[in-house]
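One structure, pasted below without further comment.
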Amino acid sequence: MRVAVAGAMGRMGTVACEALRSANEYCCGLARAADPDREIVASLEEVLARKPDVLLDLTTQPASYEISLEAVSRGLCTVVGSSGWSAEQRAALAETAERRGVGALLVPNFSVGAMLMMRFAEAAARFFPDAEIVEMHDAKKKDKPSGTARETASRIEALTGRTTAVHSVRLPGLVAHQEIVFGGFGELLTIRHDSLTRESFVPGMLAAVHAVVSRRGLSIGLDSILQSAP
Amino acid sequence: MRVAVAGAMGRMGTVACEALRSANEYCCGLARAADPDREIVASLEEVLARKPDVLLDLTTQPASYEISLEAVSRGLCTVVGSSGWSAEQRAALAETAERRGVGALLVPNFSVGAMLMMRFAEAAARFFPDAEIVEMHDAKKKDKPSGTARETASRIEALTGRTTAVHSVRLPGLVAHQEIVFGGFGELLTIRHDSLTRESFVPGMLAAVHAVVSRRGLSIGLDSILQSAP
Amino acid sequence: MRVAVAGAMGRMGTVACEALRSANEYCCGLARAADPDREIVASLEEVLARKPDVLLDLTTQPASYEISLEAVSRGLCTVVGSSGWSAEQRAALAETAERRGVGALLVPNFSVGAMLMMRFAEAAARFFPDAEIVEMHDAKKKDKPSGTARETASRIEALTGRTTAVHSVRLPGLVAHQEIVFGGFGELLTIRHDSLTRESFVPGMLAAVHAVVSRRGLSIGLDSILQSAP
Amino acid sequence: MRVAVAGAMGRMGTVACEALRSANEYCCGLARAADPDREIVASLEEVLARKPDVLLDLTTQPASYEISLEAVSRGLCTVVGSSGWSAEQRAALAETAERRGVGALLVPNFSVGAMLMMRFAEAAARFFPDAEIVEMHDAKKKDKPSGTARETASRIEALTGRTTAVHSVRLPGLVAHQEIVFGGFGELLTIRHDSLTRESFVPGMLAAVHAVVSRRGLSIGLDSILQSAP
C-alpha cells in the first residue's frame, strides 16, 4: 500500500506523513511548495506519476473539493478528511466515483473512539431513553456545544424522539472530552471519550486508507468502513 | 400478560411482585407459606390453576432447577433468574422446553446496564485491544474480582487473546460499580456502569418476561433477547 | 454521653435513633405521640426528667425553633439539624446559649463529605481560579442548581470574585452527586462527592453531638466543629 | 525579578526559559554549550556576572547538587527542581544556605495540582480512614506504583496508621492521572488530578522562584511555600 498525502505540510498532514512513513506506506506528499527532501511535490500530475494506491486528502475547503474530485476522476481511490462539503459536492464526488469505479471516502472525524462513543450512545438510547451529555473542552474553544456533542444528541433524538441536554464545560487544562450519562432504574451507564493528543486521528486514518481500495463509489464516515469489523 | 412469581417472599421476589403489580401484570406468587392477602400460594398446582402466561422463577438453587423444570414440562413459559446451573441441568431444561414447544430463559444477571457495558466492551476491544477494568464494591463484598468483571475480562480475552487486568476496589460507601478503560493512540474510551439500588434489575426482568412467550426452547442471558431490539 | 432526639419518628430521626442505640448513646426520643417501647416521650419536660447530655433536634421549622430555644433556656446543650432559621431566630438562640453558658450548634448539612468538598474547593480556588461545577441528582429533584452547588459557587466567588458555572444534570438512577473541576495550566484538579444513601448524615451528626458539650454559645455549620480536627 | 536557568537546554529547562521570557523574568541560561542568541552561557561565573535574583536549577543529579551548592555558597537564592538528593546532600545545602543567609528551595514536584491533591488527601483521611488510590499512566511508564501514589499512601498511613491499596493502570493513551477514593458511611469523596501536558509544572515553578527570595535556609516541597497562601 502506497499513500499520497495532499496537505502534507499542514497540522494533520505532518502527523499523517510521519505515521505513514512509520508504517512504510508513504508514497509522497502534495503541497503548494515542493520539497524533494521529504518527497513532496507541487502538482497532482506529479503525484499520479508516482502511482500511489490511495490519495489521502487532508486539505481544507475549497481546495479539498477540487483536489479530491480531480483525483477520483483520474481513477485514484481517495480518502477525504474534511468537513464542510455541500450536498451538491457530495453528489458530484459520488457520481464521479461510481462512473470511474473507484472508492471515495469522506470522513469528517477520524477518531475511532469518538465513532464508538456515538455508536454505543445510539445502542444505549434504545434501552435508556434518558441521557445527558457533558462535553468538556479547553477554554480556547469558543463554540458550544461541540460538533460531536451536537451529532450525538441528534442521533439520540432521531432514535428516541427525545432531546438530550448538553452541558458545555470550558476550562484551561482541558483538551477534548465527552461523557454521555444514561439514567435507568437504579442504575447509570456512562460512555466517555477523552482525546488527549492530536495523534488520536491516526488509527482511523490508516483504517480508512486500507478500506477505500476495496470500495466502489462514495462512502461517508468512519462508521461505514468499521461497521463490519471482525 | 399475567406473571406468576416463584420465590415471592424473597429479596428479589418482593421487588418483582411490586413491579409486576404496578405494571398490572401480576398473577400470583409462589412461596413456602401461602398468603391469601397477597395472592401467594404454596404449590405449583395452585399456580397453574390460575393460568399465568409466564412463571418468573426467582428462587435459588437447588429449588430453582426443580420448580422451573416442572413448570416447563407442564407447558408454562419460564424465566429463571438464577445462576449456578450445571451443564447437565441446562441441557435438561433445554430438552424439556424443546419437547413441549415453550420458551425458557435463564438469566444470571437482569441488569440491562451491565449487559450493555459488556456488549460495548466487546465492540470496543476490536479496535482498542488494550484495556483495564476497575470494579468497585462495598467493603462487605469479600470475593474479588466480581463476577461481572471476570465475565467482561473473559469476553475480551476470547476476542483479542489478551488478558485484561482487573483492579478491585473495596470501600464502605460504594455500592456496585465497574469501569472499563480502553487506551488507544492519544485517546481513551471508558465504559462505566453504576448499579445504585436493588431495583435496577426490574426493567431487564420485565423485558425477559415479555420476550419469553414468543420463544421456543432455551435461551441464555439478557443478551439473547435484547440482541435484535429496535 | 446520653442523647435525646426530637423528631424521633421522622425520616432522619428514625435513622438517628438507630445509630445512637448502636453507639449506646441513646437516651430517649421526643415525638407527638409517646411510644414507651422505644422510649419515646411526648413532652420536653419528660425529656428533661431523663437528664440527657444533649438534645438533637431533628424537627423542621417552625417546631425546631421553639423546641431548641426552650431546651437551651433550660440549660441543655442542643444540636439543631434544620435550615430555614431567620437571622432573628439565630440571634435569639445565640443570646440564650450565651446567657445559660451552654453550647448550641446549628447544622444545615450533616454530611462530612459535602463539608470537606466545599472546604477543598475553597482551598483549590486560591490556586486555580477557573472552575465549573457539575451537580447530578435524581430526576425527581426539580430545583436547580442544588443548594450545595449554590453554596460552593458562592464560596468560590467570595474568595476569587469569579462566578462559577453550574451544570445541573437530572436523570433517573442518579442519587446526589457533585463534581467541581478546576482547570489549570496543563492540569485538572477534580473534587467529587457522592451521597448514595440517607445514612450518610450519621457520622457528622455523631461528631456534632460530641462536640457541642464542650461549647458555649452558638456555632454554625459542621465546619465550625471539624475545623481543628486532629 | 531576574531568573537564571541551569539546564536551559533540557526538556523542562526549555519550557521554563520560555515561560520566564513570557513573564519578562528571564535573565540567562546555563548549559554545557553557550548559545549567545538565547543568552545561554556555559559557566556559573558568567551567570553570576549577570546578577540574577534567583537560580532555577533544572539539571539532574549529580550535576544538580554541585551547581546549586556552589550557587548558594556564592550567595545566590536557588530553587532546585530535582529529586534524588541524599540526606547528607540536603544537610550540606541547608547548612550553606543558613550560613550565607540566602534561601534554598528543593522541589521534587512542581505541580500545584498534585500538591493540593496530597494535601486534601491528608485532610480527608482524618475523617474517612478508608481509601484506595487508582493511578493511571501511559503504558511506557514501567515503574509502579508511581512516586506520587507512593507518597500519597505514605502520608495517609502516617496519619491513620492504615495502609492504602494502590491500583496502577498502564495503558496507551493515558498521560498522568491519579484518583483517591475515600469511602464513608453511605458517601464517597474523590480527589482526582490529571496532568495532561508537561507545561503543568510552570505555575508551581514561578511561585517557587518568587517565594525563595524572601526565605532563609532550606525549605522542601511546594507545600512549604504555598502553606500560608491567601
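Some notes on this structure:
Each chain carries a letter (A, B, C and D) given by its place in the written order, and its residues are counted from 1.
In this text, a residue touches a chain if its C-beta (ideal position, glycine included) is under 8 Å from a C-beta of that chain, and two chains touch if they have at least 3 such contacts.
Fair warning: this is a prediction, and the values are worked out from it, not measured in the lab.
Considering every other chain in turn, the ones in contact with both chain B and chain C prove to be A, D.
Comparing chain pairs A-D and C-D, the larger number of C-beta contacts belongs to C-D. Summarising the inter-chain layout, the chain whose CA centre lies farthest from the centre of chain B is D. Rounded to a multiple of 5, the Cα-based rotation taking chain A onto chain B is 180 degrees. Inter-chain centre distance (chain C to chain D, centres taken as mean C-alpha positions): 39 Å. In terms of their C-alpha centroids, the spacing between chain B and chain D amounts to 51 Å.
Shared interface positions of chain B, defined as residues touching 2 or more other chains, are 173, 182, 184-188, 194, 196, 200. Residues 173, 175, 194, 196, 200 of chain D are the ones that touch chain A when the two sit in their complex.
The touching residues of chain C, counted against chain A in their complex, run 130-132, 134, 136, 139, 165, 167, 169-174, 181-188. For chain B in complex with chain A, the touching residues are 111-114, 116-117, 119-120, 123-124, 126-128, 182, 184-200, 202-203, 226, 229-230.
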